[in-house]
Amino acid sequence: MTRWSTRLLLSCAAIGVGGGLVGIPSFYLFTTLATAAPFLMGLAAGFYLLPGTIALAAFRRPGVGFLSTMLAAVAAAPFVPGSFTTLYGWLYVAVLLEVPFALLGYRWWRAPVFYVAPLVGTAFYTWTWWTYYDIGGYQVWAQVALPTLLLGTMLLFTWLARVVAARLAQTGAMRGLRLPEDRRRTAAAAPGDRAGTTSAEAAPALPAP
Amino acid sequence: MSVRVEDVRIRHEGRTAWRPDGVTFAVRPGEVVLLLGPSGSGKSTLALALDGLVPHAVPADLEGRVVVDGTATTSTTVARLSEHVAMVFQDPDAQVVTGTVLDEVCFGPENLRVPADEVLDRAERALRAVGLWERRTEAPDALSGGGRQRLAIACALALGSPVLVLDEPTANLDPVGTQEVYAALRAVVADGTRAVVLVEHDLDAAVDLVDRVVVLDRAGRYALDGTTREVLADRAEEVAALGVWLPVATLAALRLRGAGVALDPLPLTAAELATALDACDELPAPAAAAPTPAAAADPVVQVRGLTVRRGGRTVLDDVHLDVPAGAVLALVGVNGAGKTTLAQAVAGVVPPPRGTVRVAGVDPARTPPRTLVRHVGFVFQNPEHQLVRGTVADELAHGLRLQGADDATVAAAVEDLLRRLDLTAERDVHPFLLSGGQKRRLSVGTALVTGARVLVLDEPTYGQDRERAAELLALLERLVAEGTTVLLVTHDLQLVADHATHVAVLHEGRLVTTGPTSAVLAGTALEDAGLLPPPLARATRQVRRHPAWRAVTRLADLPHPGAPAAADRGAGATVGAGA
Amino acid sequence: MSAAVAVARAWAPDVRPGFLRRLNPLAKVAATLPAAVLLVVWHEAAAALVLGGVAAVLLVVGAGLRPRVLAGLLVAAPLAAAVVGAALGLWVAPGTTTGSPVLVRLGSWTYTQAALVEGLGTVARLYAVLLLTSVGGLTTTGPDLVRASQQQLRVPYRVGWTALAAFRFVPRFGHELAVIRAAHRVRGTDTGTGPVADLRRYVGYAVPLLAGALRHAERVALAMDARAFGAHPTRTERYRVPWRHRDSALVATTWAVTLATWLLLR
């Protein structure tokens, strides 16, 4: 199998579409908050991380977070206010999710790396929305609510995505696609762990023979 | 042009067993080869190996060689091979990539960089061959299940491959859809230039098309190979003993042979069986028809004036239905007739309008789900949908825990069910990792565990081989003997004839007929609703010389020494051993 | 319109009226992007009115939208936006609006004219961005957008077709989700209220939904591979979504309008 087999591509599509559809109610909430109470937007922001983080945690391969996020955007677009224009919003998330792993050379996939994106994301969105909505002119509690809610929900959804990915692995649906968690000493093209078993999850990767 | 399989063994990544395990055969131009074997023997895996998907796209070890047109599949690419060997898969939904029928057929040739004009040319020829050219601008979703499988065949034709591999192409279809697919396939092989490899459980529809049969045994080893008649008729007992299913006509003849009626040669199709029976001067009287169960005083399921509208269409139209306690009622109808909708309304899965349904004494529309599960259990068509926990044992315990049962009760009930479902060894496995048949049994178990008196099953034999279907039917029969009432949706009319006490026929949302099985099968209700009679009835209705035989629809009605009248047709081994 | 008809229509070339539908999807994106970005960074209600107005005109004359959709977009939406804008004024800190005339007074709490103007200004910008993005969003089908990214942006066709396959997953998964919900209700897991129960429910839906989705993806991938998908670096594309002079003209005009707005109202 090449690194981007048709199966991997379509599996990203599956996670993207699944995540995109389950999140549709949240996107409506997001749009409502974005117009009526922007400092509460954080409440509905976490869903945007879901498909990409699930894909990264599930396959542990470069690019899957980006692709799944963008496919979630494409799939959900016809059903949300703003249609295909929502793609811009997702694009930031798609890049944001990949960066921490890219900086580590896509070799190390343990929990801490997953929590970098929510932290950076909180900082980034607090800054953008602050300037966009002039949150500085709002009451103090609203100013505090913006970053707090953002951070809270983003962390929550990152955690949730990892739980879902782990449970998915138990179902055996990712046989042959999931790579080991720690690949610092092995070649990037390590074989898929077998049937996504939990043992392979815990065991440190063996050096390539 | 030929395909040769040379001592092929395949092991999926993460598995220890080789399935198939050492198979050798060749497919010659113009030949239709049927690949048979029990579930899990590796037929699908072998089919995937024929065009290189194993090992190129599916992670698996392959030993031996598959040689296509002189080249080993391992030394070329799937794309190259697709010009020689084209595939049609079981699930029509999983093969559709584009949004219109025409685009779908063009997809393959476009990938091969065929110039646009020629792409359209090929598409037109392929669509005309399967009778879909007039519908080329529609979405594939608008086609019936049979239509979508014909589309898949057209897609394979458009690639221009001289070999066509079909893996259970009719498993999801109603009998008419199945016939459509085989009619299309017959037209495709008519000129003798294309070879076909077919994997199929439903032999009744396929057998007259097949030239050669290759049989695998349970361990995936190569068991038999020969012309259709050599394998299915001359060695019928051996095939049956392998647990592989036979055409109903052949089974009937084997049963008759046991009763001293030797039909020679053994018939393979309904028409042949009728001819063979007529050739006998004398036939023993068929066993008395199954005693009609006395209608219980108060029906356990009552449907009154149920109308359901979905998406602006009337899906169910003023349905009235009574199911007596202890009955096995089969709900039949073509694809889209409203069977699932009715079954789900009865079980309260989609709550019906208030006052239209009473089941086991409650109205599903007014009963909270947690209470309802104590009265009626529902088994979804796809068992994976209703499995919600991480291990088999937890799955069974789930319903009881929600009812507030204490741990000791739960543990005892779970142990008991695990044993009855034959899942004790799998108690700690994730439910999704079970085989198809095991998943189905588990989903039935989850519906039973809360002690429901009524069990509703949506196509319980869908995607199962005959052996698994028989296992499940045996389980249901035990439950019915213990007083459970069963409502099942199915497309398998021989199953209906053999196992159901009552039949309800749905057509375009209306309940056209309901009554005891023998009465419904004797009439023309099935044909009127666009269905076909069960295969055995199709044969016996053509019998001229023995009028008493024309009413025979059940295998159990055939005279058979020693076998109890209730012996079910699922007992493939019994047939083999008894003969 | 049934799902099947919608699928076929989205797939085939768009023949509904409206010249915007005949333009390259990327041209529509490129044309409106600078204006939308400008309104995000530049807090000027007048510019929002001008640029939003241009977008509205384009939508009326060129999108071939049904009257009901147009009414929703150009009448109902701005009315709702005005209400929301008034609400936005509620959050504005009192310190920033001292001295402005008081509109409502409840005890010590006041709602000032400045707060109202501030809220309406923000909403005007949001609404203008919505109109601008609708120019492309409401006149482009998903498959066309994918084809254009493939043909003009050189997105690899395997990725483009993955997106096309994703469109086809949507109706199926919508249905699967409904079935899984029903099944969970039948199994009695669908009980309990409150955020924790909701979260549990979501995970409970997500795992079977995604596991089923992954299995489906695996089968579709096999079917595509079996039909020579990815055989060559390129493939025959029968639908062209060309970039024509009129696309360049649209982009040039709208960029000029955006620039002029900025220069004049700065």
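In order of appearance the chains are A, B and C, and numbering begins at 1 in each one.
Everything below uses one rule, namely that a contact is a pair of C-beta atoms (placed from the backbone, for glycine too) under 8 Å apart; a residue touches a chain by one contact, two chains touch by 3 or more.
Everything numeric in this text was worked out from a predicted model, so none of it was measured.
Taken chain by chain, the contacts link every pair, so each chain touches all the others. Between A-B and A-C, more C-beta contact pairs join the chains of A-C.
In terms of Cα centroid distance from the overall Cα mean, chain B ranks first. Averaging C-alpha coordinates per chain places the centre of chain B 43 Å away from that of chain C.
Centroids of chain A and chain B (each the mean of its C-alpha atoms) stand 40 Å apart. One finds 20 Å separating the Cα centroids of chain A and chain C.
Contact with two or more other chains is made by residues 5-7, 167, 171, 173 of chain A.
Those residues of chain B in touch with two or more other chains are numbered 56-57, 432.
The set of chain C residues touching two or more other chains comprises 165, 167, 211, 216, 220-222, 224-225, 229-230.
Interface residues of chain B facing chain C in the complex, by the touch rule stated above, are 48, 51, 53, 56-58, 77-80, 82-83, 86-87, 89, 91, 93-100, 103, 106-116, 119-120, 137-139, 141-142, 155, 159, 311, 344, 347-350, 369-370, 373, 378, 380, 382, 384-388, 398-399, 402, 432, 446.
Interface residues of chain C, counted against chain B in their complex, comprise 2-5, 7-8, 10-12, 143, 161, 164-165, 167-168, 171-172, 176, 179-180, 182-191, 204, 208, 211-212, 216, 219-232, 234-238.
Put simply, chain A touches chain B in their complex at residues 1, 5-7, 167, 170-173, 175-176, 192, 194-195.
By the touch rule above, chain A contacts chain C in their complex via residues 4-7, 9-18, 21-22, 34-39, 54, 67, 70-71, 74-75, 77-78, 81-85, 131-134, 137-140, 142, 160, 163-164, 167-168, 171, 173-174. Within the complex formed with chain A, the chain B residues making contact are 13-14, 56-57, 59, 390, 430, 432-433.
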